[in-house]
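Structure first, then comments.
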Amino acid sequence: MSQETRPLDALNQSKGKRVIVKLRSHGGKNEEGEMIGILKAFDLHLNLWLEDAELVVGDSKTKLGTVVLRGDNILFISPE
Amino acid sequence: MSQETRPLDALNQSKGKRVIVKLRSHGGKNEEGEMIGILKAFDLHLNLWLEDAELVVGDSKTKLGTVVLRGDNILFISPE
Amino acid sequence: MSQETRPLDALNQSKGKRVIVKLRSHGGKNEEGEMIGILKAFDLHLNLWLEDAELVVGDSKTKLGTVVLRGDNILFISPE
Amino acid sequence: MSQETRPLDALNQSKGKRVIVKLRSHGGKNEEGEMIGILKAFDLHLNLWLEDAELVVGDSKTKLGTVVLRGDNILFISPE
Amino acid sequence: MSQETRPLDALNQSKGKRVIVKLRSHGGKNEEGEMIGILKAFDLHLNLWLEDAELVVGDSKTKLGTVVLRGDNILFISPE
Amino acid sequence: MSQETRPLDALNQSKGKRVIVKLRSHGGKNEEGEMIGILKAFDLHLNLWLEDAELVVGDSKTKLGTVVLRGDNILFISPE
Amino acid sequence: MSQETRPLDALNQSKGKRVIVKLRSHGGKNEEGEMIGILKAFDLHLNLWLEDAELVVGDSKTKLGTVVLRGDNILFISPE
């Protein structure tokens, strides 16, 4: 599959741009929300390095600055 | 098993076409729904690159455009 | 264990036939049900390619046609 | 550890005999029960091939015939 | 780490003796309990082969005889 | 990363000393607590061998003696 | 990807500095909170060695000193 387009290629195009990361729930309350930030780096586990990140849960917004988000908390990633 | 038909071959036939992705729940509310979009790429983990994607949860529809959907949130994928 | 009978050999015998796939729950509502369809292909993760698939949840039946079902949602598979 | 007794050796002794498989819950209702059947085959993931299988949940019994049960749904296996 | 003491060495000392296995919950009711039995064998996944096993959940005791317990259901193992 | 300090080096310093192990929940009741004991051994999965172990859940304390605690139940480990 | 920036590079820059670690829930109560401490070491699983660590859950603060935090409990890590 070396020369095929792969899902993570979409993230390469989003580097340096703002992305919306929808978090998946694990049955608790504090992670049903979105992390929004500028995509600096990602890896194969979908761990993300975001800058100027902000966590949005309902009406609540928290500015976080630099964030390393663990990939297994992610539902989807979408460029803003 | 190299020459047998495999489940992911079905996705190869859906590239460039609209697919319905039923999301599985993790006990929370925000991911019981469907993601509908044009399948641009997929990998062995069932991570998907969708274009013109739309998230449908009950009566609510959200246009998302480009989406990288993490494969472990998927219940099933079906061409529209 | 190369010459022993293995569980997936049972699925080889079901290729081209209708199977009932009991879905396991993840704590949510939308995946406590059964997927019924003709088994076209499977892999070692128990990902399934079904044709003429139908999702049955309680009294509700949804015709889906072609489906790629992610293996980790499966409780068991049984030929009809 | 090649010559030591291993847990799966117990299953080798149960081949062709009836076993009770206690299913573990994932937070839902439909898999708190037991699968009873004749053990035809198993693999290292504890995937099981059962014949003459019957699902018992509370007072409800469902005859299933041949079943491939995914190993990660299992709490324990016990010969009848 | 080949010559260091490892956690599973504690289980080697318990072979042939009664152990208490505290089961972890997965959100359901039927696996909050203890399995007590004579440790015949274990593997690196903490799958256990128990003899004369008994499942204790609250006031309820169930005699099971031989049991293969899947390791990922275990919270801890302790010699009686 | 061979010569860098790693998280498990902190556990090497705690061998032979009392540690507090905060257990993570899986949605059930019986594993929201702490295991306290003398750290005899650990492995890369964070499986622990504890001596003189005691399980503390709310006001309830249970003396357990020798315990092999499966690593995936652990939230964090801290020397007392 | 050997010369690309990766998410864990952000953690290298935080070594010796205070970080906020948002814990993810597993459906229970005791791990919806934050661990704050000085990052001494991390590994590829995002296991963390923190010094002067403090667990903050709602209004409750617990001083913990040295902590080895298992990576799979982490939602995100952010320098203070």
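Which chain is which? They are A, B, C, D, E, F and G, in the order written, and residues in each are numbered from 1.
Please note the rule applied: a residue touches a chain if its C-beta (ideal position, glycine included) is under 8 Å from a C-beta of that chain, and two chains touch if they have at least 3 such contacts.
Just so it is clear, the model here is predicted, and its values are computed rather than measured.
Touch-path distance (fewest steps) from chain A to chain D is 3.
Here the spacing of chain C and chain D, counted between their Cα centres, is 18 Å. Averaging C-alpha coordinates per chain places the centre of chain C 39 Å away from that of chain G. Taking the mean of the C-alpha atoms as each chain's centre, chain B and chain G sit 32 Å apart. Across the assembly, chain D contributes 26-28, 72 as residues in contact with two or more other chains. Beginning with chain B and heading toward chain C, the contact ring passes through the chains as B, C, D, E, F, G, A. Those residues of chain C lying in contact with chain D across their complex are 1, 4-11, 22, 24-28, 32, 46, 71-72, 74-79.
Contact residues of chain E toward chain D in the complex are 23, 26-31, 35, 40-43, 47-49, 53, 64-70, 72-73.
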